[in-house]
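Next up: some structures, all given as structure tokens.
Common to both upcoming complexes is chain A, partnered first by chain B, then by chain C.
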Partner chain A sequence: MSWYRRLWDHRLGRVGVLMLGFSLLVALAAPLLAPTDPYASVRVSIDDIYAPPDGARLLGTDDAGKDVLSSLIYGARVSLLVGFSAAAIALLIGGTVGLVAGYRGGRLGNGLMRITDFFLVVPDLALQIVIVAIIGQSLRNIILVIGALGWTTTARLVRSQTLTIRERKFVERARAVGAGDLTILMRHVLPQVLPLMLANTVLVISLAILSESTLAFIGLGDPTKISWGQMLNFAFSRGAVSAGAWWALIPPGLAIVWVVLGTTLVGNALEDMFNPRVGRHHLEPERHLRTRTDSPRPSAPDIALAIRHLVVTFEGDHGPLTAVEDVSFEVAKGESVGLVGESGCGKTTTMLAALRLLPPGGAIPSGEVEFDGLDLATLPEDRLRQARWTRLAMVFQGAMNALNPVRSVGDQIGEAIRTHFPERTKAEAMRRARELLELVGIGADRATEFPHQFSGGMRQRAMIALALACDPEVIVADEPTTALDVMIQAQVMDLLVDIRQQLGMAMVLITHDLAVVAESCDRVVVMYGGRVAEQGTVEEVYSHPAHPYTRLLLEAIPDMEQPGRSLISIPGSPPRLDELPPGCRFAPRCPEAMARCHRETPPMTVLGRRREASCFLLEEPARV
Partner chain B sequence: MSEPVVNLTDVTRTFARSRSILDSVLRRQVAQVTAVDGISLEVHPGEVLALVGESGCGKTTTANLVMGLLPPTRGVVEVEGTDLASLDREELRQSRRRIQMVFQDPYESLNPRMTVQDIVSEPLRVHAATRDRGHERERVVEALEYSGLRPAERYLGMRPHELSGGMRQRVVIAAALVLEPAVLIADEPVSMLDVSIRAEVLNLLARLAHEKSIAVLMITHDLSTVAAYADRVAVMYLGRVVEMGPTLDVLRAPRHPYTRALLSVVPVPHPSRRRERIILTGETPDPSRIPTGCRFHPRCPVVEDRCLTNDPGLVTVGEHHQAACLLLNPA
Partner chain C sequence: MSRSRLLAKKIGWALVTVMVVLTFNFFLFRVLPGDPAKAGVKDPRLSAEAVEAARVRFGLDKPVLINLDEGPWYDSQYFRYVGSMAAGDLGESYAFKNRTVGELVGKALVNTVWLVLPAQLIAIAAGVALGLVAAWKRGTKLDVGALTFGLVTWSLPTFFLGILLLFFGSRWFGFPTAGRVTIGAEYTSIWDQIGDIVHHLFLPTLTFALVLLGEYLLIMRSSVVEVFSEDYILTAKAKGLSPGAIVRRHGFRNAMLPIVTLIALNLGFTVSGAIQVETVYSWPGLGKLTVDAVSTRDFPVLQGAFLLLAISVIGANLIAELVYLRLDPRVTEV
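After this line comes the complex of A and B, so read on.
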């Protein structure tokens, strides 16, 4: 969506746009709107001074007998001219300083920032007064002074943004291509910084208008120009208060408030839109939680976790998007299940939903997640919290970066234990933490060390220890070895398999690598486009894949026993949530697709106990 | 064989570990980190060389040396017969035209605000390769189609977020190849991509080398997928090349215990064929404290007494196949 469209949709932003637009129109059309020309000299009689409002002069007259309404209208010109011009100067100086300081860094950057800090702490008004008094009170001088002192916030903002963008990979790539600094700044950095820079500039405009009014009010405005501050100044110093002429005081005051409020609203709305910090947060309470009074269907006694007909949706621009559709599988006690598929197939979403850790906008409109007689999909948050982590724990992808850097690793594990079992003493929790670190092969003596003293593999082990802290019955590991070296991957996977067998835990391993599943899981669930394509024991699925997708996936992984074999790629890409194909989701990429595959959704065909696949080919007797 | 495009002769690169305030107060000696320790490598036109190793083995430093982003501490880095050390800043920037790079993360390495056409034409503009906009578009289209984005016209106006990971990596490759470089360095080109589409991207890189006579240097920790697409493999450990040879020879008959261990931990994609794995304990040691003798000895499963004192050099173990292990020489 274009930015002006979004600005218009922003409630307060729209109010601000309307307020500011009105002021601009008034300023532009001043000669047409104003009943008289306030700059023209007229002869006034004593009755014209502070004449109260009447039919001809809607806002009365001022100390010089001039029409207040006309002055007010013409005053908009000066205020807005000062605001926009000064902000433009501030943008130019602040933008340049920020870009250079952020991009170059080093001594030059530091020097520029010290200058910025200096201007930031010096009281603007005092400096403005001194400078204007010295260089003279012309409108041009006022604009220059306000602009030259108002750039500090812009500079700081632009610098911090530039610092982040400078480190982004696409900037590094541009540099590797051989682009010079100027090209990189103009083509890569500036376009990224610009939106926030402009949002900030709108706020600078309102500050500049306020500054001009203040200067004019204390008598340092351009005496030849009519501005709102000037009007207030004259009214106050020339007896409007004692004359009871409220009409000479209130309108210019309100006009200042009006314009400043309008620009501030627009600026804040733009900042809301462009600033990545201001967004929705994971800690926001869940919405759309279904309530349910009955208990879920109990599973066979050997089943630890049963997901049944699970549906997960996310809010989209045009209605809800289905990320997971009718997914069912069971995890037996002490069993390890591999959940496999390409990125975006819904494997992580399925498990996040099962643990009710969906990001904002996610919902579970139907389906159940049965765990020990409870339906986790509808369980109220307070009861859910008792089960999550103590009985069902998760090791997240890239979790090694999730440790708190300023607390020792042992401390963090101890704290997790005490959060869930407050009756344990600190010493007990710490003892358990040391045991766990021993268990994951880090060694109890390193419990007092901090995360930065650990390597990536060590941190991942620590995260596993953290997940094991409360002896869970089921542990969900989401790509636990991505971003680790091959040897460390093997170490971590071995550790998970060992610990799982030692402690008799069930595990769900989320991965895109079928080879890893072959080595560490008992069962496998292959997902595609938010649905289950096929499931069964590892032996069944690998020896006799029933779904064409599984067959292709198996051909895409290398086998070191046949190093010469060429690998295949599955043509095309997985479907996007907003353009799911009708019929079988895999049909557009399937080499064996028939006409009906593009129209109808294939049913789940049961091929054995806990063994099923969803493909029309299975209905043809010759193929089974 | 033809003249090598990239030629590293006995190259060493050390870094000074940054000095903390405590170090300077105590007048402690600053540790020297030897990231690359006397390696010699050649990459020929039309050849794919995979540089394999774990993090901290010096493979990324080697790539930076070839790119001219870092000068070597000792030794000579030659690209197309020119010693990079003899070039000034501007000449080095010009040389980038001949050495292009494909980055690991196709999600991060494309500017989200630029269109595919802008991204692929950027190298042409930066190097003022062509002033003619029509000709520029022609070359962009050609590069995109070569990279498998056909018909290119469909992709020109798209922005990165509209493309899948595999397509993005093709855009990155197209941008690297539009200048017709002599050397292409691919740093973990598929590690962020799904297993199911890795083969296509790797095939593309191999085809690029063979058809356009580009010397491709692939940097990876993954012996199973990436290295399998190379013509030759060089395995690095702690700054040294410990084994180097034609891919199939190295994968079928690895001679260095480290290579053997790396190969053994590649998961076998079938549950009934489990084989013995050699899982090395611990992690690659700190490159500021390289072990004496053979640098692999603390983790080596077949270590002997002499390995603690003698530092092995590369010995020939087959045609174009070399390994650095004392066990290859009879005691």
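After this line comes the complex of A and C, so read on.
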């Protein structure tokens, strides 16, 4: 969809466009609309000065006895003319500086950015005043000065965009076939940068309009031209306040507000469209929290965590999208469970839901997360907080930003301890943090260091230390090694397995790597398309996979003992949440799919204690 | 790069910027059509000796940039200018007889600080608090209200807001319309005098604070939303911290980082606000001095006021960078 179409569809953007369009029309049709020509000199009597509004002169008269409405209408011409032409100059300068600085880089680029920085710290209105005062206050000079001083934001933006585009494939290809710099800039870089400049363009226009009116108000406008700032200047300095002539002051001011507000609305809408910023965050209140008065069904005494019929939805454009559907599995005390499947199958979502840490817009409409007789899915917020980290702790995926960059690592571990054991002193908590860091092989002396001083592997170890801080019964490790290189991956995984066994806690390991599960887990739960495909002990599932998806995943593991066997990857990818297939989620990719698989959802078939699978093939005795 | 070298580099860069402003000033005011030093020299009524005497007096007999003739290389108009500026000698005012620019500008600066400082403090405190709450309660009525307020103050020219408050404030609440003190007033005590100044300061401060507040509110809000969607906030939540504790210990400081930079970058905006507010309320500060100097073509004062404004902004900018350096342990390069 073209950007102007999208702008029109944006609610506030459309309001802005209409406001600006109206001003533009008024400016163009000024001679037709204005009751009198404000540039014509007419004889005025004393009664005409600051005459209040009446039927003939809707907005009264000003200090010179002229009709305010007519001046207001003609004033639109100057404001918009200055706004647009000064912005054009600013964009031309800023665009060129930014393109050259970004594309050429090196000393030239640095030099240009230094100049830009200089203009950023020099107060612009003061500079405008000084220059206009010296070169003379004609409309042309005012446009030139506002344009020549207003380009810095554009230059910075264009430079950073050009820097990224310069590295793209198509630019490198063009360079490789010998295209000249100018050709590359005009044909390849500029078309990419232009749409990103739109929002900035609008901002520059509104700033130019504000600058013009400010200069005119201060008395540095073109004395031969009527502009809104000029009207305010004359009225204000010639007694409108003491005369009570609000009609000479408020309309021109509101006219400026109208145009600037319209431009700003358009600018914000464009910004929304091209740079959608994160609108939502982790501290938004949960909107769909269910309340529950009864207690959940207790599990067998050896079970630490039981997830039962869990459903997770996210807000979509057309109603809720189901990300996790009817997922049930148990984690026994001290047991390690692998949660496997491709990306986008709902593994992480399931575990985040278990800790009620879903991203904003996520909800748990049904199902329960039973832990020690409590249902975490419906527990009130304050009681849930006590359960977090002492019962269930989590090692997040990619520890790059999981630790606060401006606080020391030891401090962040100590904070977890002090939150749940407020009776411990700061020193005690810090001592424990050091012990934990020692335990994960980082060394106690590095507790005072900041996350950016750690390598990727060390940060992940620190996250493990953090997860251990309150001796949780279950640790959830979400792809704990993905961001690391292979050697470090093995070390971190070994550490996690060792510590878990040493401390005897249960673990849920989220991964797409079945080989890792085979080495480190007791049980495995295979998920596909937000549902459990099958589960059982590693032994059972790996030697007798019951679901075709598991079979295909297992065939994709490289086998050291049969190096000649070709690796099979499963064609296609997991379904998107807004395009979930009816029937079995895996049917579209399943080599053994039957007609009914595309229509009906296969039921969960119990194959033994805590061993089950969901596939119609299991109903045909011959096949099992 | 070590942090002390970084510090040295920042200070060095600020000094370079000041030098560039000085040089810029030198050339700008040398091309002036209205410089009486030059005009006087060209006056046909003067004798050749008088012209020569004037040229020597104003240093116009020296080379412009670098002295390549006899004498030291720095004996030029430019270095004489830089030297006298550095010594605090900003020349003499044309409009006010027997007043040095330094004296005028210094007094005005004090008045400007009286206006800017309270307004800035109020605006920063209120803007940061409101921005934080708006972001935290994102999407609620409070947030929408805060956003609308920010948008409107952004679109409202400072001088127009000043006019509005002046118009209605003086008519309805009897606030004074101009100046720093009531002219001709006699005070029975020092408190009376302070009361009078505060009475005069109220509307200008309010105008200024409102304009700045909208700006800070919007910046703080977007900064906080960004920080609140970071992974480490999720970690803090998972650790079992209460929302209040998360905001205090993880959200606030991190969100303040961009604010410090942006407050610094906005100092130019502050100066432009001061010029407008002082013009509207006839507050005898640097901004009004600048505008008056333009209308009376008092170029030495204009030059001095501009120099001081520029140096204040560069200095404040430097302070903000140093604060940033203290707040963020990661900064190791420019």
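Methods note: the second predicted complex is superposed on the first by the 451 of 624 C-alpha atoms of A that agree within 3 Å, B and C clash if a C-alpha of one lies under 4 Å from a C-alpha of the other, contacts with A are read in each partner's own complex, and residues count from 1 in each chain.
Assume a contact is a pair of C-beta atoms (placed from the backbone, for glycine too) under 8 Å apart; a residue touches a chain by one contact, two chains touch by 3 or more.
Just so it is clear, the model here is predicted, and its values are computed rather than measured.
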- Regarding the shared-chain residue A:Val121, is it in contact with chain B (first), chain C (second), both, or neither? second
- Report for A:Asp47: first if it touches chain B alone, second if chain C alone, otherwise both or neither. neither
- Message: As a test of reading the superposition: which chain, chain B or chain C, is in touch with more residues of chain A?
- Response: C
- Give one of first, second, both or neither to describe whether A:Thr390 is in contact with chain B, with chain C, with both, or with none. second
- Touched partner set for A:Asp317, first chain B, second chain C, both or neither: neither
- Who does A:Glu579 touch here: chain B (first), chain C (second), both, or neither? neither
- Message: In the overlaid three-chain picture, which partner chain does A:Ala490 touch, first (chain B) or second (chain C), both, or neither?
- Response: first
- Query: Does chain B (first) or chain C (second) touch A:Ile570, or do both, or does neither?
  - Reply: first
- Task: Under the touch definition given earlier, write down the residues of chain C that touch chain A in their complex.
- Result: 17, 20-21, 28-29, 31-33, 135-136, 138-139, 151-152, 154-160, 163-164, 166-167, 170-171, 177, 222, 225-226, 228-243, 245-247, 249-251, 253-254, 257, 265, 267-268, 271-272, 275-276, 279-280, 290-291, 294-295, 297, 302-303, 305-306, 309-310, 313-314, 317, 327-330
- In the complex, go through chain A and note every residue touching chain C. 118, 120-127, 129-131, 133-134, 206, 210, 213-214, 217-220, 229, 232, 236, 241-242, 244, 246, 249-250, 253, 256-257, 260-261, 264-265, 268, 277-284, 355, 357, 382, 385-390, 393-394, 396, 398, 400-407, 415-416, 419-420, 450, 452, 466, 469
- Message: Could you list, by residue number, the parts of chain A that touch chain B in their complex?
- Response: 168-170, 172-174, 176-180, 183, 187-188, 191-192, 342-343, 455-458, 485-491, 494, 512-516, 518-519, 538-539, 542-543, 552-554, 556-561, 563-564, 566-570, 573-574
- Query: Where on chain B is chain A touching in the complex?
  - Reply: 54-55, 67, 69, 93-94, 96-97, 100-101, 103, 105, 108-114, 122-123, 125-127, 164-167, 172, 175-176, 194-203, 221-225, 228, 247-248, 251-252, 261-263, 265-275, 277, 279-280, 283-284
